[in-house]
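Please find one structure pasted underneath; my questions will follow.
In this document, chain identifiers A, B, C and D correspond to the written order of the chains, with residue numbering beginning at 1 in each.
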């Protein structure tokens, strides 16, 4: 990677970045294009409903910034931006999002009265102030990163970090370690009570009058053993307990109790047309009970 | 010798300390110790007196400075004594009469369980009074001045279980405090004017002060007069003296007749130089004196309580002294002379009254006496001699001293002189009247006493010798003192170096004054005899004329005080208490409440939602940025 | 001047602070141990303060036993200690009174047998004595601090222990019963806290303003009194008139609340009325003195011109305090509130003396601080004994005490006579000096203030008459006379009153030079008599 | 083009991020917005370093990244633990700051 950086340092992009007073058109174009993306990404971060999307758009903005760093001759930072930020930190974010899952907080509906207007007012006002501040600062001429990066950007940074800023550097190291320890302390959960044994669990189940026996397995029809088909109880009704709770919540239980009869009705239909006598109508057939009655009167018809 | 002066004060002070701190274990011997120390002090006084007589008239002043009391830059108050003829006179009077009354009290207070305390207070009084007359500066004098006030407070209220006594004591102290304002302001004026308040500095300076300081010195004079009024029970601050009779009789005799109440006279005489330099103040002084001598006399006529009658007479006699002192150099000497003689006979009279009460189960209403001369002859004789002395019977003390004052009053000259002289003579007549009245109602006529509340028939009897002997001695004093002093005007020469003396030229001859006085005297006695001697005295007081009724109520002065000062003061304090709670406190609490409300409203902003806090943070940041930008812009 | 090697001032302040910690650490069961520990520490402090007082050289440097350490360099914050004559005397007074306060409150903090339920254990002895020691430490430090900010810290910090002493250990002798009592207590405590905090915050603003001014003109800002004074003297620091006046007002307001000056006095009667007698003494005799002391040390020294500018108004307010406090004292029905209003009147005198700007006035005011401390302590503590015997604070509930408890009545009378400043007792000297000082500048005010002595006599004697004299009231009969411990408390105070009343010279000699320094700070000299007559 | 545009872009991104922090209730998204703000700052730093022609700006940006990493780690840990205890990642539910 160092070598890559050193090659970058000697590439025309550097000369381009090192030119004073005005940047090259190429950089300008690059800026305008990428800046738009960055702003869009930022807006996305703020406005996306799902936090996953926010995270992704933020990652986009960061990558754009990384490019800007590179363009301005901060090669090391550019790479670090991509590796550390976009690579590590954003992934951390995504992990947490996954861990926390969807919460009510994700809705963009404002609950605090006047919060949004205040926020907008303050934000815009602040932005205007900042931009005004930058505006009336005289920034026409600037010395490029050229001679700063002569001798290599990384080496230059290293020299500074290990000479002028060594103290801050050490402190930062300490900070990082503390942070790591802190994170562990915060997230580590102490098991407060003894793990409950099989026996205790079953006793509890009996005590609370819950289902003592194992739950029925799904798909107990001869032709189906799909997980989304509930088991049939002796009285012919279905037991939702036999289907996994997720499917239950999604309402994805397939009820197959009636289509057997429907198929029988269709058979009758065809038989009737064939024998030319009136039989059952498919729409009459609704449940097992009616099947029984229709079967009985068909039986008496058979007795005549 | 100088050290003796200090010891003079120290002896009774020691007594007071020992008796008051010693506690119950001294109950048996306390009174003896107190009396002993009083006598010791008297002995010192006599020694000093002898020593002083040995010196020439101009070198008789002794001074001794013990230590610096209050040293603050130019304000240097020394504890220093100055013993000159004037102080000497007082010292002798105080210690002498004081010792006698100590002895008398041994008998009088025999049955009181707090006798030790009583003697402690008496000693305390002696010490304070001696301090007053021996001080060589006004500041130390002020200490003694308040000290005697304290002693009088303690002794008037000695029977504290009697609410009337406690009230009277409080009243006495308060009225005296009003006078003390005068003294303290006078001292401040002296300090700011002369940068000092010692007699040695102030008096000469006042004497030779230019017209520039005239107003100031007049002011000092008035302030000193106010002080004198308070202490000497002069109008308008006389109201406390009558009530002060709540105290045990020896106290009335010593403090409220012989010594303390004359402190005002001492103050004015001592400050003669100032008053000489302030004629307006002198006019005020003589006016006060004249008014009081009539006031007291009139009050004395109406009282049926023997002690209150005597109190009125005291007031009036001190009025004479104050008036004399106000006359300037012509009067100072005679003021003091009358003070001394009065000290004798008035103390004698009070002790007599005490002896009468002693024999009558502490009955004070003269309408319950009568014909006592048969039961208590010694008391009768001594009281009678005192009576003759005070009405100015020729040849007795009162005659010499009072006549001189009347002459001096005339000698003041002009209409003023006539008015004053007239008042003085009128006062003499009234004195003769009310004293005769007291005499007749008490010792003559037939007995009028009745069983008291518990049904004890009083058995009048002569007092024990421990009480009668002092009375006899005082009687001697009241008979001969005056003559002794006036013999080739010895007293004048004695005091002249201190107070100064000038023969006034009287418009009327001495003989005429004497004659006139005697005539009035006879008239007064005659009227009294007609009213109380010839026909029996009614056992219950008749309603009497308007004046009589007013006089019984101290000429309505107390009512005035009550309505104006007491009621008014109560209302003032009540309203102030209310205001302090509602207004001063209310304002503050009100602001507090409003602030509380505001903060309550502000607290709504703190809704606990992180994001609204974040908004305010961002807003704040925006403001800061804006501020910085503006700063850069300008 | 004494050798500065041994930091005696720091030790004087640190000892009670350590004592507070040690006392608080005594196990709860060992109440007696806690008491004696606290007492021992306070006595040690007393010894140290007396050593300071005796080794103080009046003719020597203005501030002695000085200690200087930079605390926060960037803010010009110093740990500067030092005492002038006034400071030394005040420290001694504080250290002197604390042991008596403790002895008087010996059992105030014991658990109450008659109280059950939540209030059963609401006054732990340890806490009581620890808090008293904490107050002592802070007061002593604020008397010693010569750095404005350091002073401010302790000036404010002492509110906290006082708050708990008032609110937590209040007087239970209340007409309204325990609930009412605790309600009143907390009200008084909060009022005390709010008033003084308000004053303190305004002062803080002024302190910062002063710092800003120094920072602006000297380059480096400082809080050190000495630096500021030197800078002013050398002309390097020259406050604009308006600035100086605002800063002065900021400081003065805080001190006027603390010292209570009319109309900022209303917290005092509540605080003194609701707290136990020893705590009341702590408030009026120790803590409030910091206010008047600070007027002398900070207001006058830092802002001489502004002080002179404000003098007329302050003098008038002081005279109002004198009369107003006295009149309200006359109108009180509650013994302790009466004494509190009397204190308001006395603080009026003190402030009168300070701003009279004469030697007599200011020496008098300083002596007054000492004497008022002692006399009020005597009166209030005896009143406390009286109240604890009767279980009531209402004057109307007493009567004829002198019959059953003569010694108690006697000491009470002496305390009262001291309060009405009778010659021969200490307060007289100071009061007269104050009056002379005020009179020599403002004769009219001086005379009006003199009326105060009559009113003082009125309220003291009325109090004595109603409580002590007359027939013995029902609740009073069988009242016991002073016990040994109580005598140990009262006797020395009375002895001191007598001694300082007859021979105040030792104290005056220590105070006078410092007063001269202060006067020279404000460029004032005593008015010359119109007709110098001194030989 | 004037490289100051990078700064404008940074300002814009920063503002958007700030607004996001204020608007979104999902703690995770709020965190992302914070990251966005940090990145905007980094961009500004890098641009500054380019303008001044020295690498200090980049060093600071580097430190920012490190700190950001630490912050994210701890922050996400907190979020997870909060989620465990109150089954919500909404910042509004955590209004424990209220008295």
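Criterion: a contact is a pair of C-beta atoms (placed from the backbone, for glycine too) under 8 Å apart; a residue touches a chain by one contact, two chains touch by 3 or more.
In UniProt terms the chains read B = NADH-quinone oxidoreductase subunit L; C = NADH-quinone oxidoreductase subunit M; D = NADH-quinone oxidoreductase subunit K.
Bear in mind that the values here come from a model prediction, so they are computed numbers and not experimental data.
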item: Co-neighbours of subunit D and subunit A - touch as defined; value: B
item: Pair with more cross-chain C-beta pairs in contact, given B-D and B-C; value: B-C
item: Intercentroid distance (Cα basis), subunit D paired with subunit C, Å; value: 57
item: Mean-CA-position distance for subunit D and subunit B (Å); value: 92
item: For subunit B paired with subunit C, centre-to-centre distance based on mean C-alpha positions, whole Å; value: 37
item: Centre-to-centre distance between subunit C and subunit A (centres being mean Cα positions), rounded to whole Å; value: 72
item: Contacts with 2+ other chains: residues of subunit B; value: 607, 609, 611, 615, 618
item: Junction residues of subunit D - those touching two or more other chains; value: 18, 22-23, 25, 91-92
item: Multi-chain contact sites of subunit C, meaning residues that touch two or more partners; value: none
item: Chain pairs that touch, as defined at the top of this document; value: A-B, A-D, B-C, B-D
item: Residues of subunit D touching subunit B in the complex; value: 18, 21-23, 25, 91-92, 94-99
item: Subunit B - residues contacting subunit A, complex; value: 607, 609, 611-612, 615, 618-619, 621-622, 625-626, 629, 632-633
item: Subunit B - residues contacting subunit D, complex; value: 603, 606-611, 613-615, 618
item: Touching residues (chain side subunit B, partner subunit C) in the complex; value: 20, 67-75, 139, 142-143, 146-147, 150, 153, 157, 160-163, 165-167, 170, 173-174, 177-178, 180-181, 184-185, 187-188, 191-196, 200-202, 204-205, 209, 212-213, 216, 569, 572-574, 576-577, 580, 584-585, 588, 592
item: Interface residues, subunit C side, partner subunit B - complex; value: 194-195, 262-263, 265-266, 324, 327-328, 330-332, 359-360, 363-364, 400, 402-403, 410, 417, 422-424, 428-429, 432-433, 435-436, 439-440, 443, 446-447, 450-451, 453-454, 457-458, 461-462, 465, 468-472, 502-505, 508-509, 512, 516, 526-535
